[in-house]
Amino acid sequence: MTPEALTIRLIVAAAIALTAFGAVAAWVSGNAIKRLAGLVAAMAGAMVAAAALGAPDALLGGAVAIVFATVAAGVALAVRLQEAYGAIEAPELDQADRQDEASERAP
Amino acid sequence: MIAALLDLARTHAPLLSLSTLVIGAALAIAGAGPRLSWFIALAAALASAAFASDMALRLLTDGEIVLTIEGAALFPDGVGAFAGALLAGVAVLAVMAAGASLGDYERRAAPFALALLLLTAAGWIGALMARDLVGVLIAVETAWLASVGLVAMSAQRAALNGALRMLGAGGVGGAMFVLGAGLLHHGAGALDLPAIAAAHVERADAAALGAGLVLLGVALKAGVAPLHEWMGAVLGRVNAVGALAVGVLCAIGAIAVIVRLAAYLLPSLAFGEGVSIALAVLGGASVVIGSVQAVGSHNLRRMTGYAGIAQAGGVLLCVALASPAGYAAALVQLTAFAGAALALFGGAAAGGVQTLETLDGLGRRAPLAGAAIMAGAVSLMGAPLTLGFLGRWRLVEAGVGAGWWWAAGAVIFASLAGVFYGGRLIERLYFRRAGEVYAGARDVWRWAMAPMLAASIVVIGLGVAPAGLLAAADAAAAHIAGSVR
Amino acid sequence: MSAQFALLGALLAPVLQAAFVLSLQRPPGLRDMMHIGFALLTAAFAARLISAAANAEAARIVLAEPLPNVDLAFTVEPLGALVAATVAGLGAVHAVHAVGLVRATQEKAPARLMAFTALSVAATMAVAFSANLFTFFVAYQALTLCVFPLVAHRGDEEARRAGRTFLATLLTASMGLFLPAMIWTYAIAGALDFQPGGVLAGRVNTLTANILLVLFVLGLAMAAVPPLHRWLPAASRAPDPALVTIMGVAILPAGGVGLIKVAAFVFGPALSEARIAALGLIALSGVSMCAAALIALSRQDVRERLAYSCIAQSLAVAMGALVALPVGLFAAALQIVALACAATTLTMALGTTAAVTARRTAIDFVGLGRVMPWTFAGFALACASMVGMPPFSGAWAKLWLITASAGAGLVWAAVLVGVAAVLTFAHLGPLAANTLAGKAPTDAFKKPDGASILLAAPVILSAAATLWLLVLADPLASFLSPIWTPDS
């Protein structure tokens, strides 16, 4: 294996790890902003890996556009959550939802 | 002159069926007031459905190959044309049904909701017609973000929480898709779907991993079990229009995209078998988990969503068989799923139903909504002479033919579970008295009932006389199998 | 009247009956006339179809083609015609009885009760005349759904629980066992048509045939083959017209027809491939037959006792169908007719008794025959037929069944049938004898003026029907022979 190929492998491996890490963070993290950060990390990892593997520019361009759109939507959502619940921590939101549901069931 | 224009339009049918929806969305936002926006949205959806179904008819009956100058980006194959026409039809009915629920929004918000609904449909249709994985990726994400926005527009704040989960799940799916596409490109040397199928794969491992990640990325959005954690949170609290977008358009669209992608990935000698196994595992898990959760749920929309997961699992099992018969069975099941979901979500919206308790005696209070929910439930149960029965029959037949006994067993299990949750619905509809005064009494536009009635008629009618549907599904499956070879 | 028209009439008349009964609830006289009139019309159509089947007239109605090569279709063949005629004839008698009963007992929502009994007759007609497995399956499900409202008619917690057991058992068995077997058959044979000689003949291996047979027989839970028999005792507290429908006029005959159709028209000679499963099921039926008769002995509530007794009788149908000999099929067909006649008589007699005296337990029946001689004369005749006493129809069925078992080399099966008959005698014989021989009760009845003619006459009529096999056994054998003679 040439050093160049080895470098590419290492980059790809690191990028895939970043993707996995970001995905897990986006999945389990309680805070809406942290989730969003996890998503961006996952996307960034995926893009770096794809770029290192020689993916066409169209894929990378598309991915960048999607990251922007997702971040925009996510920030807007976080703002709305803060307005509606006064919190952006998932456990607090779930707690509030359960209370809503319970109060609706037994009026 | 007009004939020439019409010809020109038919030549560009794939592009037009997409762009009418997008333009309709833009115009709907510009429209003054909910009613006008609604008319614009409906007109756009109808036009799109006309183009899509005309194209599907030509492609599937005459085998006419639709070549367009934008052929570089759009490539309508059999599955894409069939599912695209199905989805465009569903979009028409969803927009019609949304008309009854526009009162859920503030006056200025309603046009945006309609636009997002149209964008959701446009995204999924685009993904069904895109030629390469980049196109699929962008179209899928457009649809997904539009539906997230629609969910977030619900009046209840719990829907925001659901939208956040949707965004998270979808974003992870998107990252998987990008990574998978990169790996697939690395392994197979192409992002073009037909080219991937025909490619001589040099690095089988990378390609296999890539194919798996691409499918998984879409499966996350389809809510296939066990990747559906977001679905219950969303469907339980979202308003009627959001439920239609997520429970019907997104569910059908995402599963259809999986079917189409799988049809290109499965024939590959290098990784086809792995893809088949992955799909079969996901499908089997969905059938079982979805059925169990549907039996346990107390909210009509959630129950429908979980039952839909079971249906989606059935579709994946069909696809995993990797044969034209399997693809055809998948498309039949997809149609059954669409009909049942529309009837149930539409009926729930028209009857103002949320929890199962509010169904008590609905058959007497609101006979039409009750009949629609009944038709949907009967089809989900897989009762004979419904579309649901036909879909399951085809799956079991194909599964038995291929020696997949466990798949047949899983489907029978789903039917038995369906007897329980569907039977419970029907019991509440017709054998119980309403506990309290009809809570959801409000002014429903009469003809807003039309979509779910149309869906129930389709569910029953195609169950009794399915020859046309079966022929179309067979033609679509043969077409994609032929274009891959 | 062409056979085609009669077939359409036999299927449609009970549906119209239900529609008219529901739409013309008032005055009750009009409703009752509709109920009885259309039931008689159905019986007339069914009788016409007997002659059509005897003359091998072709009649076929196709409603739809939901799957390639599979129609939703009805046709006339001897077995279906025989059972349909029996059911329709008894249905007409039951219609009269139901009219009398709802007048005497003030059961709630009488029109609904009548309408669903009519619909279940319609579904039973559809089961009997079904031209293929798919149609049979659809009609079978329809029958389940039509009888469910009867079981749950009273709407209280007990009725609802019984209804749930009924629905869950029958639907689960048919969807979980029968449906897979049907699809499997379709995958093997590419067709589902009922035809003498069987669609599976020469197409299955031993393993497949054995599995399929078990799936089919247990999937037909209406035949009450254990362990899927719980629904029948559970439903025994339903209103009396529902009991008549379940035990006499609709469900048990439909289950029996299903067994014979599966054995003769789906398997045919292929049944010999499924030898192990068939023997196992025969043994299961034989032992359960004795067990059911024994359990019946322990039940004091006459309805429950009758339910277990009917399980034992229905299992005789299963045995006959599975013996895989023409004699066995003949015995099974006779047994369906005999069981239908006897069970209808007994359930109607119980209904009459309850309406007049409000008595339900065996001990309270002592001496009632002295007060209600006609009703209990019919009761005794039907009991004798259930036991298998000559010259009643049950005797011929049992006799042929024993002959068939012995002919197939299954002496132990013949012995089990004999033991079951003795046990049946033990739980029905003394009961019937005591009603006639005991001292007449002296306490006051609910209705001191006794049973109206509407309540007594049907019992006598259907009891008389238990005698008719005496003269008809031979003609019936040649009438039914196309079932086991494949077209060449």
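Some points to look at:
When the chains are written out, they are named A, B and C in that same order, and each has its own residue count from 1.
Keep in mind that, in the parts below, a contact is a pair of C-beta atoms (placed from the backbone, for glycine too) under 8 Å apart; a residue touches a chain by one contact, two chains touch by 3 or more.
Predicted model only: the values in this text are computed from it and were never measured.
Looking at the partners of subunit B and subunit C together, they share no chain.
Put simply, the chain nearest the middle, going by average C-alpha positions, is B. Computed from the mean C-alpha positions, the centre of subunit B lies at a distance of 45 Å from the centre of subunit C.
Centre-to-centre separation between subunit A and subunit B, using Cα means, comes to 25 Å.
With centres set at the average Cα position, the gap from subunit A to subunit C is 64 Å.
Residues of subunit B touching subunit A in their complex: 132-134, 137-138, 141, 145, 148-149, 152, 156-158, 160-161, 163-164, 167-172, 174-176, 178-179, 181-183, 185-186, 191, 206, 237. Only residues 16, 19, 22-23, 26-27, 32, 35, 38-39, 42-43, 45-47, 49-51, 53-56, 58-59, 62-63, 65-66, 69-70, 73-74, 76-78, 80-81, 84-85, 90, 93-94, 96-97, 100-101 of subunit A touch subunit B when the two sit together in their complex. Against subunit B, the residues of subunit C that register as touching in their complex are 63-68, 72, 134, 137-138, 141, 149, 152, 167-168, 171-172, 175-176, 179-180, 183-184, 186-187.
On the side of subunit B, the complex with subunit C involves touching residues 382-385, 389-390, 393, 396-397, 400-401, 408, 412, 415-416, 419, 423, 431, 463-467, 470.
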